[in-house]
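Two complexes are shown next, each including subunit A; its partner changes from subunit B in the first to subunit C in the second.
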Partner chain A sequence: MVSSDVRNKYKVTIGIECHVQLKTKSKLFSGADNDAKVASPNTLVNHIDFGLPGALPVVNKEAIHLASRAAFALGTQPQLFSKFDRKHYFYPDLPMGYQITQFDLPIVVGGGVAIEVGGEKLVIGVTRAHLEADAGKSIHPPGKDYTLVDLNRAGTPLLEIVSEPDMHSPEEAKAYVQELYLLMKYADVSEANLYYGNMRFDVNVSVSQTDELGTRTETKNLNSFRSVEKAAEYEINRQIELLEKGNTIAQETRGWGEAKQKTLSQRGKEEAHDYRYMPDPDLPPVTLSPEYIDSVKQEMPLMPGQWRDLLEPLGLTFDQIESLIEAEVDHTSISYLSLLKNDLQNKDQVIGTANMMINTEIPLRREGNLPEISGEQRARIYNELDDLLQAKQLSSTAAKSLLGDLLAATDTPEDIKAFAEGKGYIQISDSNEITNFVKSVIADNPKAVEELKAGETKVIGFLVGQVMKLSKGKANPGLAQDLIKQELGL
Partner chain B sequence: MAQLTRDDIIRLASLARLDLSDEEITHFSVELSKILDYVEQLQGVDVTGLEPTSQVTGLLNVQRDDEIKSYGYDPIVLLENVPEVEDNQIKVRRVL
Partner chain C sequence: MSQWLPIEEIAEKVRSGELKAVDLVNMALKTIEDKNEYNAIISTTKDRALQRAQQIDSGEKKGRLVGVPFIAKDNFLAFGAETTAGSNMLKGFVAPYQATAIEKLEAEGAICVAKANLDAFAHGSSTENSDFGVTHNPYDKTRVAGGSSGGSAAAVVLDMAPFALGSDTGGSIRLPASFCGCVGYKPTYGLVSRSGVVAMASSLDVIGPLARTVEDTALILDVLAGRDELDSTTIDRDPESYTILAPAKNLKIGVIKEYMGEGLDDGVKNQIEVSIAKLRNSGAEIIEISLPSLPLSLAVYYIICPAEVSSNLSRYDGVRYGHTDKSAKTVEENYIKSRGQGFGAENKRRIIIGTHVLSSGYYDAYYKTAQTVRTKLINEFNEAFKTVDFLIGPVTPNTAFEIGSHHNEPMLDYLTDIMTVAANLVGIPAISLPIGSVNGLPVGLQLMGKQHSDRQLLALAKQTEELSK
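Our next item is the complex of A and B:
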């Protein structure tokens, strides 16, 4: 680990490439099923995926559509003209001997991703994003001298998003990939399931003491936000240590060892790549009309940045907003943001309702204990809950329990107040009833009453506690306190 | 006049995963040099104002709907062309 003094001598530069698996039903260039998660090896394949001679790839319309949506999510719009190229290299999981990708005229050029790190707002530039076909999956059985290849994933549509080298710390790298994840989820272009590798990150890191960029290394195939941050951190330290010792950095590809939490050189002295790109003669270029681009723009839902702009003026804090924005993608049928924005009867309840979501509904849903009920049902629950709280008929603890009960029911009770009463959540706010409890508590606790009268103000808490006990927890404690003072003439 | 060296040919062959005999290396260094000469000749043509050609078919936007399609055979037959198969996977020399 290098000291912060040494670290501060160096300028860190990070750029990230991200492969996003698009959620099409079929593959990018063939009609094979695109869902390779659980299928047996080599069952979701055909002559196109196998690259048999004479097979003709035809591009999937929906992949173009999803890439166009992604363009808007990245703050730009898709290109009017793009085309496909062949990138040649040899690997057993690439049966054609080339990958179909987009070289000089990709479908997305430019764009940016807004992030906030330590209170500072930044925009990380996007150089480009291009469509390409994924390769197959190689398995290397331990102790064997062979590799096994499954081509189910070959031909899956990927959008590779290439950032500018605009990040300067592991925290910024992590914030960028997190925001990219949210953008892809909100734009609904990918399942973005990190566990299944739907988003994979390659992190390029270099350090330099001058304005000129240092030699970079690329750590490939990271599949979590945390590993992006850790790998960047590790590489920065490793490179600075090497340079401090007077060594040089080898430009190389590295892998991330999750177990050891370090990057490892993957290919030794690699032959400089010569991919011999050429336009793919099998695939006519893609042109998009301004009308089509506009129709995609019209169908775009609100992006996280737009939600932040809408929620900030409502008085929510940064952390509250981020919790809600992250939770929004947990379930397709449960929206927190639109409920807060559109369905509350009382604008003053936004903060209270947001807190109930963050403290109760979101954690319960993440535990997987709640049915997915409709937005109307949930809006009614939150609105009636707010009514009961405003009328001081619910304590905050009771409100939390009541909310849990209501969200757990597939059919929301017609009369929520009656339901709450039945469950014993409604507190007694009737002065006469509480005065009766207060009178008997005063009669039963003469010593405490004397102390209170003598100025031991803390004792009132004890007396309120006794009223709560006597009322089986249902008395409104604020009201009980007022009535005790009133009875004793304090 | 382009002149590819033997080393150029050896490197090209290795990129293309081709195993060439000494005789073939000599043969191709002459032949490929001639092809390069032809390309040089083409490069002399004035193309000012011409759009780059990425396709000669004149076609645009040949696309298919996003539907899972059966091509009328069991995918397992594809493995019949594979030299070695284990558990329905393609068996190759170890690569990692």
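Our next item is the complex of A and C:
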């Protein structure tokens, strides 16, 4: 680990390439099923994916649609004209001997991703994003002299998003990939399941003491936000240590060793391929009409940045907003943000409701087991909870439990208050009833009453506790306290 | 005289019960067997063909081509026999799906009876590059049938079937049609689906029929033409039937200056001029047209074509199907051995040229420049078609050459294509029409039209055919 003094001498530059697997039904150039998660090897393969003689690729319009949505998510719009090219190399999991990709005219050019790190807002530029077909999977069984090939993934549509070298710390790199994840989820273009490799990151890192960029290394195939941050951190330290010792950095591809938390050299520049790119003559260029582009624009949902702008004025904190924005992508049918923004009956309720979501609903949903519920019923639950809280008929603890019970119900009860009463959540706010409890507590605890009268104010908590105990937890504790004071003439 | 009636009549007689599909298939198979010495055929689909014929005879006799036997070049994926593309690389390969062209013909009741010989992967102008032996010219067995669809052309002329399918990347339908003396048609690029045809150079490849008459040719094109969702480069067909061959009036026909000069055999030139004179006498206006970039077309072709070939042949890697050297111990050794053994010399030559012109540092000098000249050529043809309706000229400078005479001289072979490659580079329809002979060897006339003028071009071909009777 280099000291911060040494570290501060160097300017760090990071650029990230991200492969996003698009959630199309079928593959980029064939009708075979695109969902390879649980399928047996080589069962989602047709004559195109297998590279049979005479098989021709036909572009999947839905992939173009999703790439167009991604363009808007990245703050730009899709290109009117883009085309597909062939990238040649031989490998057993690449059936045609070339990958179909977009070389010089990709579907997305430009754009940017807004991030916030340590209270500082910045925009990471996007150079381009292009469509390409994934290769199959090679499996090398340990100790065997053969390799197995699974072509289920061959032909899966990928959108490769290439950032500008605009990041200067591992934290910024992490924030960028996290935001990219949210953008892809909000734009609904990818399952974005990192466990299944739906998003994979290649991190380019260089360090330099001058304005000229240093030699970069590329750490490939990272599949978590944390590994992006850790790999960048590791590479920065490794490169600075080498330079401090008077060595040079080799331009190379590296891999991330999760077990050792280290990057490892994979192949050098001298082994770089000549991919012999050429326009794919089997595929006409992709031309999008301005009308089509406009229709995609119209259908776009709100992006995280837009939600932040809408929620900030409602008084929510940065952390609250981020918690909600992250949780929003957990379920397709459950929205926290639009409920807060659109379905609450009064404005003062926003912060309380947001806290109930963050503290109760979101954790419960993440545990699973909650049944389906309509947006209307959810809105009604939060609004009626607020009514009961405003009327002081619910304690905050009871509100939490009641919310949990309501969300767990297969059918939301018609009369929520009656349901709450049935469950014993409604607190007693009738003064006469509580006064009776207060009177017997005063009578039963003369010593405490004396102390309180003598000025030991914190003893009141004990007395309120006794009232709660006597009322089986149903007395409104605030009211109980007021009545104790009143009874004792304090 | 041919043993086959016009295709439309055959189908009519099968429908009426006057002819039996089984007899027609047997007639084709017998002729194939009798004329085996020409080596026009790689394999027959005998069992499947007879089965289909029996089904037709005993069932509904539907379709415009019902009961009509045909022969497909062996780079069409078809059921009932192996699909070899004329190469050891695909020896033993059994197609799990059929080419769209085959499917369309079968849907109209036609019956594929055999797979025709070709230069391996369609690389060649003589069928001498076939790994299954050379095809002999029906008019002189010491001469080539042309290529790469040599087997298809010879089969039609040898009367093995009423028509055959071929593919044309730089003249591979027209050249053998010219050498063997049948009609060979290269449609507008994209008019016929390439799906299921072993790709040579995707931006140049077209599928087309070889037949005895323009009428038969037009009927087959009418069945084949149109968009195919399996081939994104296909285009909309003419809404009218391609079989409507009414002659147009006041035609302007351009004689291509660059094709009529140096290098053209006197006998061939004479035949072409006779045809031109007949067209003039029948009322067409004949104009000399110059296409200045035409002399560059062969150079452009032999950059773009190998580039695409090198890419399209990458899939033959000995991993999933086709020839594999099982002794290979590593992936790299497998590639070197399987590809080294499976591909022939001409395949390798084109792979090497294509790989070179696409390499970084050479791409701009070769491939990009060639594409620029290709665009210029397209513009010149477009310009010419503002002045004239059709272009006319020879198919090839000479009649069929002797087997072996181009041995070890690939340039001589490439030069055979000098008058045919332009139509592929430009994507326009072109036809080779038998108009006579020189020293007993057939001579073909080439007619070209602008893109999408297939119907009008066939009408002119029909008119020319009648004039040369």
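Couple of notes before you dig in:
What we mean here is this: the second predicted complex is superposed on the first by the 486 of 490 C-alpha atoms of A that agree within 3 Å, B and C clash if a C-alpha of one lies under 4 Å from a C-alpha of the other, contacts with A are read in each partner's own complex, and residues count from 1 in each chain.
Convention: contacts are C-beta pairs under 8 Å (C-beta built on N, C-alpha and C of every residue); 3 or more make two chains touch, one makes a residue touch a chain.
Only a predicted model underlies this, so the values are computations on that prediction, with no experimental measurement involved.
When the shared chain is aligned, subunit B and subunit C each come close enough to touch A:V58.
Contact with subunit B, but none with subunit C, is seen for A:N42 once the two complexes are overlaid on the shared chain. In the superposition on chain A, A:K25 makes contact with subunit B only, not with subunit C. Using the contact criterion defined above for the overlaid structures, shared-chain residue A:H140 touches subunit B, although it does not reach subunit C. Taking subunit B and subunit C in turn and counting the residues of subunit A each one touches, the greater count comes from B. In the superposed model, A:P284 lies in contact with both subunit B and subunit C.
Of the two partner chains, subunit B and subunit C are each touched by A:R276. Looking at the shared chain after the overlay, A:P92 reaches both subunit B and subunit C. In the three-chain superposition model, subunit A touches both subunit B and subunit C at residues 47, 50, 52, 58-59, 88, 90-92, 147, 149, 274, 276, 281, 283-284. The part of subunit C that touches subunit A in the complex is made up of residues 76-77, 83, 85, 90, 93, 95-97, 99, 194-199, 201-203, 229-233, 307-308, 310-311, 313-315, 317, 319-321, 331, 335, 355, 358-360, 363, 367. Touching subunit C in their complex are the following residues of subunit A: 47, 50-59, 86, 88, 90-92, 95-98, 147, 149, 274, 276-278, 280-284. Contact residues on subunit B toward subunit A in their complex (touch as defined above): 14-15, 17, 54-57, 59-71, 75-76, 78-79, 81, 86-96.
The part of subunit A that touches subunit B in the complex is made up of residues 24-26, 30-33, 40-47, 50, 52, 58-64, 83, 88, 90-92, 105, 138-140, 144-151, 271, 274, 276, 279, 281, 283-287.
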